[in-house]
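In what comes next, chain A is part of two complexes: it sits with chain B in the first one and with chain C in the second one.
On to the complex of A and B.
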């Protein structure tokens, strides 16, 4: 079949094309501006992340791409580059963790989930924000985390905190949080992805619109990974009427039948 | 489902209940450690975890055959240790310490540290459990 040779656009056509492109770009920019201008702000003009948030990602099941399993829905993964750059010995440990994840996952013991896992664990958490700090209250495990935004630095004689020590600054409308001084007792997900106490996390929190946060985490741990890596998930605001956090504290479950003590001793 | 069908299920459920040990969380001294088994070990610090609710100190202890065995000792909470002057700087990896305490009931290389003698000779009460023998100061002394 003969095809018609492609014709070059005439000058008026080119001008029209350029003009419409410029118009479309301007409209898009206007929309972005309209969305970011509507985001909630504190009295000092900084974005206000207060509210109850939750991921819809399958990140907590496995950060890496995975097909469906009996214990996990499928996901394309949330890691830039798809797979975590494990050092060879650490990869062996990860594989052992994966094989025994139904016993070893710290979340099954009710342990505090750590950072960043607490953020994309598929249950809600609430943020209370003041100009000097943000307080994150997680539904799971009674975890309460403070992110300091008062310009202070990490402590000089740190402990090994479950949630690390969080110090933040603003880059435009993004909150950038430096987190370190962790212990090595938490995992990144249920699939056995893990870290050492040398973990260093840099989070970036940015509003995409008033009810959506783009959450990014840059992860470094020279004891476990050959290079730093990044993950990204979306957090959505809960807007249901009367929505609230309900405590999810698991240490006591094994003893529930004994409390409160019954008057007849049964 | 009739009663006859239910019996094996009830039996299995009962058995599961009997053999399942409740998860140990924050605990008393006597839940994990044995007051009848005092120990004193000298070793080289391999790790100090200043973590809530209990810190842990890990030591390489030389065995009779010359090989090191790694022992873990439960310490108090990080804040109470700080009040006594214990930080990561005062117990660096590689420093030699002596720990006096009690062995774990499970017979593994774990113990509860009552007194720790640091490399500078300072003796510090490091335990966290209120009911541990010797954890409290004796007012008569």
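On to the complex of A and C.
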């Protein structure tokens, strides 16, 4: 699964190969170390993901491989093994969702996108990080998610949440987040890929360099899928001058015209 | 898999609905007669005897806990600081005098309420002062046209026959400024370059990073906020407002042309107190700038969580009880649109 940059593979037997491999590996390790040593860190030495991030992937259009469509650019997909392992009944539901995606996609209402969709939806989100937690503020729907890194566990008597309950720990320089206790109101993408409230997500966040995060999500939902599956996208740091989040409560647009009061006749 | 609402009386969505729907219940609870008052024959309170204000318990469940508060002056900060030098003020905060029912008479209940409290509220001077601290009459210096709009809203709040009489908050719009500071409790978190407010409906990122304001044709529910610390005071300049968030169920408002200068003055004497002071300027709506004052205090693990000021629950420590400070999880702050009795529900029932 996760590769540790400092871990070196067993060296081959032959002396010649050994020598050249050592040289190559040393160079590679040097490069990786140079990249990871430069990543921003909190005072406690943990990687600091603070910043504004966004994907350039087409994941939100459709996680699976797809040709171009009127409503989507083509993409080879972001799922390991390419296709989601739907149970037969769930596949029928997905196909219904797909057929009516221009009406049923929860994102069209501007609602909270859930996990992991909010991460690879093509709008920026900002991470605010302290020792005890990361707070993710999404521009879209302006939803807010807290990932706890204080050693606490999932609540014993939980609600079902739009964004689930996120508890994390560090594995080396990777942040591993266990997310569960979801509701079933969100989708994975605009193509109608969906989940039930039994969704369980394990995210892995790893810096590839100071401005790139490799984001992986391991997805389980026994009500919908025959086996777990994995997706992976890259997140890039916004570095434009004066870039900032701009609040986006688009679900208020439908009644926007009624406020504020204006002088009569205007 | 269980859903929140059937299992608990206060699911996240339920809390929002509850707070929109049960103001009467909450204020009535808070207004239970004292023993003295109950012992008095109805309508025969002796005029000469000083009236006993109903007791307010700090940390109790009610929305109003104080009738008066001490001023806090701007000056040096002598308390703890974060690594980046900011005064350390993180935590769960809430106002102490009331909610958004009534802007200028915070403990006076909803204006034109068809179901007013069973218990008389007593004279105005026994209730918390107006949130308008300047001018001295406690009233917003509205231009005549704007005052007429406010009165019109107050007349129709309980009978929202037009969409503009439905409070935007009931449709899960952000409460805006200043209402976010006295609706429910909220969390303040601090980071190098930022102060983050997580309200019950909406989030505010206060930039301390020196970036310029957004271009002025971008209009936002919570405006665009640039702040800096002056000793014990967080000074925030707010522009780019869309003017759509009302200040309360009493309908006061600002326009897109408004400008708000906020001062969050944190106490050195009582570390868990601050006073919010905002100067609102708007030549479209007001005749002069005016000042809003809201007292706030920080809630902690010593307080009982409740559905108003302190919506948290103890974290799951996984058997590790050696932590020095109890940790509190706040509830998810997601409001699904139109889930309140004053929103789509009222609109649809009006059609029937």
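The rule is simple: the second predicted complex is superposed on the first by the 243 of 266 C-alpha atoms of A that agree within 3 Å, B and C clash if a C-alpha of one lies under 4 Å from a C-alpha of the other, contacts with A are read in each partner's own complex, and residues count from 1 in each chain.
Rule of thumb we're sticking to: a contact is a pair of C-beta atoms (placed from the backbone, for glycine too) under 8 Å apart; a residue touches a chain by one contact, two chains touch by 3 or more.
Note that this is a predicted model, so its numbers are computed, not measured.
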| item | value |
| --- | --- |
| Touched partner set for A:264, first chain B, second chain C, both or neither | second |
| Touched partner set for A:50, first chain B, second chain C, both or neither | second |
| First (chain B), second (chain C), both or neither touched by A:255 | both |
| Contact breadth on chain A, by residue count: chain C or chain B | C |
| Chain B versus chain C as contact partner of A:65, first or second or both or neither | neither |
| First, second, both or neither for A:150, with chain B first and chain C second | second |
| Which of chain B and chain C A:159 touches, first, second, both or neither | both |
| Touched partner set for A:183, first chain B, second chain C, both or neither | both |
| Chain B and chain C footprints on chain A, overlapping residues | 109, 157, 159-162, 183, 197, 251, 255 |
| Of chain C, residues touching chain A in the complex | 1-4, 7-8, 11-12, 83, 145-146, 149-150, 152-153, 162-164, 166, 168, 171-174, 189, 191, 194, 196, 198, 202-203, 205, 207, 211-212, 214, 218, 220-222, 242-246, 253-256, 313, 315-318, 320, 327, 329-334, 336-337 |
| Sites on chain A touched by chain C in the complex | 43, 50, 109, 111-112, 126, 128-130, 132, 135, 137, 142-144, 146, 148, 150-157, 159-163, 183, 196-198, 242, 244-247, 249, 251-252, 255-256, 258-264 |
| Chain B residues touching chain A - in the complex, by the definition given at the top | 22-23, 25-26, 49-52, 78, 82, 87-89 |
| Residues of chain A defined as touching chain B within the complex | 109-110, 157-162, 183, 185, 197, 251, 254-255 |
